[in-house]
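Quick one: the structure is below, questions incoming.
We call the chains A, B, C and D, going by the order they appear; numbering starts again at 1 in every chain.
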Amino acid sequence: MTTLASSDPVSPELRSAYDAQKLVPLWESGTTGFSQGGEQPRHWPWEAIGPILRETAHITVPSIVERRVLMMMNSTIPRNDAESCAGLVSAGVQALMPGEIARPHRHAMHALRFVLEGEGAETIVEGKACAMEPGDLVVTPGWAWHEHHNKGGKPTLWVDILDLAIHRAMRTDMFQPGPVNALRAVPADRAYGAAGIVPVGIEENEVARAGHTMMFRYPAGPAQAAAANAPQDQFGIRLARYVDPRNGGAIVPTIDCYLMQLEEAETAKARSLGAQLCVVVAGAGESDIDGTRIAWRRHDVFTIPRGATVVHRISEGPAQIFVASDIEIYRRLGQADGNDPALFAAV
Amino acid sequence: MTTLASSDPVSPELRSAYDAQKLVPLWESGTTGFSQGGEQPRHWPWEAIGPILRETAHITVPSIVERRVLMMMNSTIPRNDAESCAGLVSAGVQALMPGEIARPHRHAMHALRFVLEGEGAETIVEGKACAMEPGDLVVTPGWAWHEHHNKGGKPTLWVDILDLAIHRAMRTDMFQPGPVNALRAVPADRAYGAAGIVPVGIEENEVARAGHTMMFRYPAGPAQAAAANAPQDQFGIRLARYVDPRNGGAIVPTIDCYLMQLEEAETAKARSLGAQLCVVVAGAGESDIDGTRIAWRRHDVFTIPRGATVVHRISEGPAQIFVASDIEIYRRLGQADGNDPALFAAV
Amino acid sequence: MTTLASSDPVSPELRSAYDAQKLVPLWESGTTGFSQGGEQPRHWPWEAIGPILRETAHITVPSIVERRVLMMMNSTIPRNDAESCAGLVSAGVQALMPGEIARPHRHAMHALRFVLEGEGAETIVEGKACAMEPGDLVVTPGWAWHEHHNKGGKPTLWVDILDLAIHRAMRTDMFQPGPVNALRAVPADRAYGAAGIVPVGIEENEVARAGHTMMFRYPAGPAQAAAANAPQDQFGIRLARYVDPRNGGAIVPTIDCYLMQLEEAETAKARSLGAQLCVVVAGAGESDIDGTRIAWRRHDVFTIPRGATVVHRISEGPAQIFVASDIEIYRRLGQADGNDPALFAAV
Amino acid sequence: MTTLASSDPVSPELRSAYDAQKLVPLWESGTTGFSQGGEQPRHWPWEAIGPILRETAHITVPSIVERRVLMMMNSTIPRNDAESCAGLVSAGVQALMPGEIARPHRHAMHALRFVLEGEGAETIVEGKACAMEPGDLVVTPGWAWHEHHNKGGKPTLWVDILDLAIHRAMRTDMFQPGPVNALRAVPADRAYGAAGIVPVGIEENEVARAGHTMMFRYPAGPAQAAAANAPQDQFGIRLARYVDPRNGGAIVPTIDCYLMQLEEAETAKARSLGAQLCVVVAGAGESDIDGTRIAWRRHDVFTIPRGATVVHRISEGPAQIFVASDIEIYRRLGQADGNDPALFAAV
């Protein structure tokens, strides 16, 4: 610091020394770089993406058939190396044509399929055949072998939902192609088929300790009836949560799913505790999300950023919206207001 | 202690002094008085008690109609001031004739009804009408208003199950006759009607914090299918547990209920972790309980003491047995092997 | 029911039939018999019981030496077959003279010792020697072998606290005299000696799963300092809770212990959620308990019934009172307002 | 697909269509890109970095004084935009010279300081002055205001530990410079000063619900004694865990801290469940980490990747090593083997 020429308080020798030791001075990092936010709500109207998805269905190259997914990438999300759609939730639309098969594979990511259209297709998850009828939610938990078969006569279209971003961050984003080996002995879905009843006597094995649901298919009908009968919360929303029947917690540790019924003309203004990926199941309406207005109808996908203020209005109701949120990650890591399964809080 | 005449090391003066202060010397209490056990398995064959219950149905004195319950008292239970049937579980058989009503009342005890026969009757629990069809389990949680109506054309017969003994011990055995006041706003049972789905948005109120299920009716059909599809445990038993869908725990904190399916000719020898009140739902067989052999068939009630060694054999199967156990009390108070929902352990 | 002579709606034949089947008609039981309450606050002034305890110390019959306990029985507690002192908590005062030994034994009951006077005595719990200095709390968890030795030169006097009533109710009141066998490998108390630090690597064994603290001695000094530094709650009370350092829960599942510091002239009126056994550690004052006034000073024992309204006033402060409560039983069995470790609630 | 010229199964029109809708075809993403691993163990010997740190101490530019931290960046970690040192744990060495002050600020990241040298410095956390003596661990939980003062006569040197990577991933990496506003009412550390004792009566406020410890300073002496007295685990390691005294869980939800004592010549081969940042407190030795040998001594920092196989050998013992691990993140998100506080598992 003896020369006029340089205002750098760090001598070249010191700089060389810490470089050599792989030390990086914090004072050269800005603190202004820290930032939250940036993410904006996005809308993929079905009338725009449905035709594109149907068009891709004509591509029959085997390698594409198996991964015929159009990821809905939200380019407003900062550092979005996981091509997320809403917060830490990735999502795409997928089509499986009659007779097509997507061969078995597995990955550390938890994947959920929310079915839009089709009949006769099924996903085989860890050996359990799960029908994929419209409105069904099929869970393929992390590291469970799964494959898809369309045994029906119509295209089956669904929304694929993944927790890729958090696995990227944890560096647990592993993938393994088939063939299937070492299927775990998983109780039949029928063992979980009664509300309020769970099988016991399997507590000691690894399956029982798994941190995700062992019920892999949540059929549309009962879920829709449950949402319709859930009490209205303080915002005027009926909210049913998909849970692991063994403990009433989220179906997977990283994605929390809900079926929301809207009957009131307008909900009270609420703050979304996590990011929401919304798939319209029935009805139509519009949502005001931090000032952005999105008009939605059946099969549309739209997103709500974490922390956004939301008002939903319906024009055709009751409306039902399936929601997949990253809020469970924030809860578990102490970044949400408490551990309650709430999706909204007062503004 | 100077006289030969007396070997009492306590002087009369000292004795007077501690009596006056309501002090009781421990050394005058035996330690040999401590004892576990004593309880023996008991059997109430339906062919014996069914006719008696039907006979009581002819008594139409209003005060009896409402409380037409024959308590199954197990006289082998020591200090049984709660007239328990199996361990800390009290049970009786009750009949409600066509057109009869048992007027509203409530009590701190949790009461469960497991229906044997009838059609068209219902229990109204905290305002929710719960049908009472054969095989149904209806829960009237502590302090919930409830009343029974037989709107059908046949007698409705059920087993009444209560946690009276532990309430006696805690001195919380409160009772209040109607009329009903201050019903709590309880979500509809239909909101809990889908396996793996629970309503949310009600977390803040007292109902949500309640330590018992808010689903009050567990219908027979799905429960029986779930038991039939539960995996066989190490003893060769299929076991489905009735749970609070909000957390996967016992439906009430003091009674844990299961539906057990027996298909194997003989189960492996197992130790019962709690006392079991068993109601035979289907099939026939016999059980060897600590050397006592009980041959049972449909609608029979029998009991298994806490800690007893059990082998079940079936002669007509598959058999289904409803079990209500006091094991949850022992778990919660640290007197069971862990907190797992197990009913049996290796011998 | 055809004769005028009899108004009994039950025929002798029916009565014989249900008697023979050990069925007891519920309608012959009153419902008015149900009752809570009855328990009154009680006071054992040290100036009254101390001299009696010292007097018993002159009795040196070996069988008495080992069990030289004067149980403080609260005769206002209904059905008090466990000779409880406050709610479900039993308590006595015990003396061990210099050189005396109480030989090893164990029992299912959890026992706590709160030391009043002495020096040089110790309780050996599951092989761990725990000094018994004034103000110390020594825990002998259920089924842990323990023995007392007075190696010092003065009488050691303490309050013995047991959960006998709930064990009676559960029929787990087992006792086993020595000699010691099968000591479990328990981490040293020094492994738990740092606030906020716990040993790990012992999770798999039975000791780790035990539902009680593995730290057996809670020394007086740090506890008293912690109570003095606890924040004042809404009632003007500073309250420190003795916990299992592994989970922050009650030290044993059935007795919850606190050290309370009173500095304000008068606390706000509060409702006691459980019964409280109070031992005055320092200071003097009086308490108004549901209208009963008790004036207390050092070493006095007094009780507060469950649900009573309490105001504490101090005449000499700050006062410290050790409290052992049965509230944890009510929490675990769903009979308290939530699971929070609160001792008092708003009136 | 009719021309020979092109083998692209996707028509330009389709490609334009999905680009316009911000849809990204999954089939164009490789699956081979998925990968775990890559991270290598690293070593920052104190004899190398100590002198550099002391050299930086001569820089007295105010903006540098406050952030005089040399981050230890592990360049083998893939996608390491958080400049992490071990897995998801960032770490640096920091110096505060006599008389220097680092002004108040706060951030969403949890930060821990493990003190190497110095006397008389303190960190003020949410208003609580926490001394920084050698071996102390000082916690500045997320969003707690904190500042550093060196009131002593010697440089104070410490290791700074942060959970920056996971906050980056969650986009919660917020920073706020002072001045301090809105300090929360936090119980004094002295209220947590007794092992096995916690203050109560503060359950209702936001502080009580916070998912991190409210005890901010874990002093060296008791921690070191606790580690020395912890039982040896199956690998021959004594392991004491820093916990939130209110619940026995990790001190913050994202970093789990331990003090490890090594006495045996060589530990058994073990697999590290999370990444470990190791700071040598006492003794010397070497570690074999997946075949890489690191020879360490007092104040050295070295790292163990998640999943690595480890053998520790001591040349000068007993050795004590402070460990900060990201394992808690994996536990909470269901990516560890269970929720137990284990740091190692069998190979």
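Throughout what follows, a contact is a pair of C-beta atoms (placed from the backbone, for glycine too) under 8 Å apart; a residue touches a chain by one contact, two chains touch by 3 or more.
Per UniProt, the chains are A, B, C, D = Gentisate 1,2-dioxygenase.
From a predicted model like this one, the values you see are computed outputs, not experimental measurements.
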Fraction-based call for chain C against chain B, same above half, different below: same
Centre-to-centre distance between chain D and chain B (centres being mean Cα positions), rounded to whole Å: 50
Gap in Å, rounded to a whole number, between the CA centres of chain D and chain A: 29
CA centroid of chain C to CA centroid of chain D, Å: 42
Touching two or more other chains - residues of chain B: none
Listing of all chain pairs that touch each other, if any do: A-B, A-D, B-C, C-D
In the complex, chain B residues that touch chain C: 9-10, 14, 17-18, 21-27, 31, 34-39, 42, 44, 48-49, 51-52, 55-56, 59, 61, 63-64, 66-75, 78-79, 81, 83, 87-88, 92-93, 107-108, 142, 165-166, 168-175, 177, 209-212, 252-254, 306, 329-330, 332-335, 338
Touching residues on chain A, where the partner in the complex is chain B: 185, 187-188, 190-203, 213, 215, 218-219, 222-223, 225-235, 237-248, 251, 258-259, 340-343
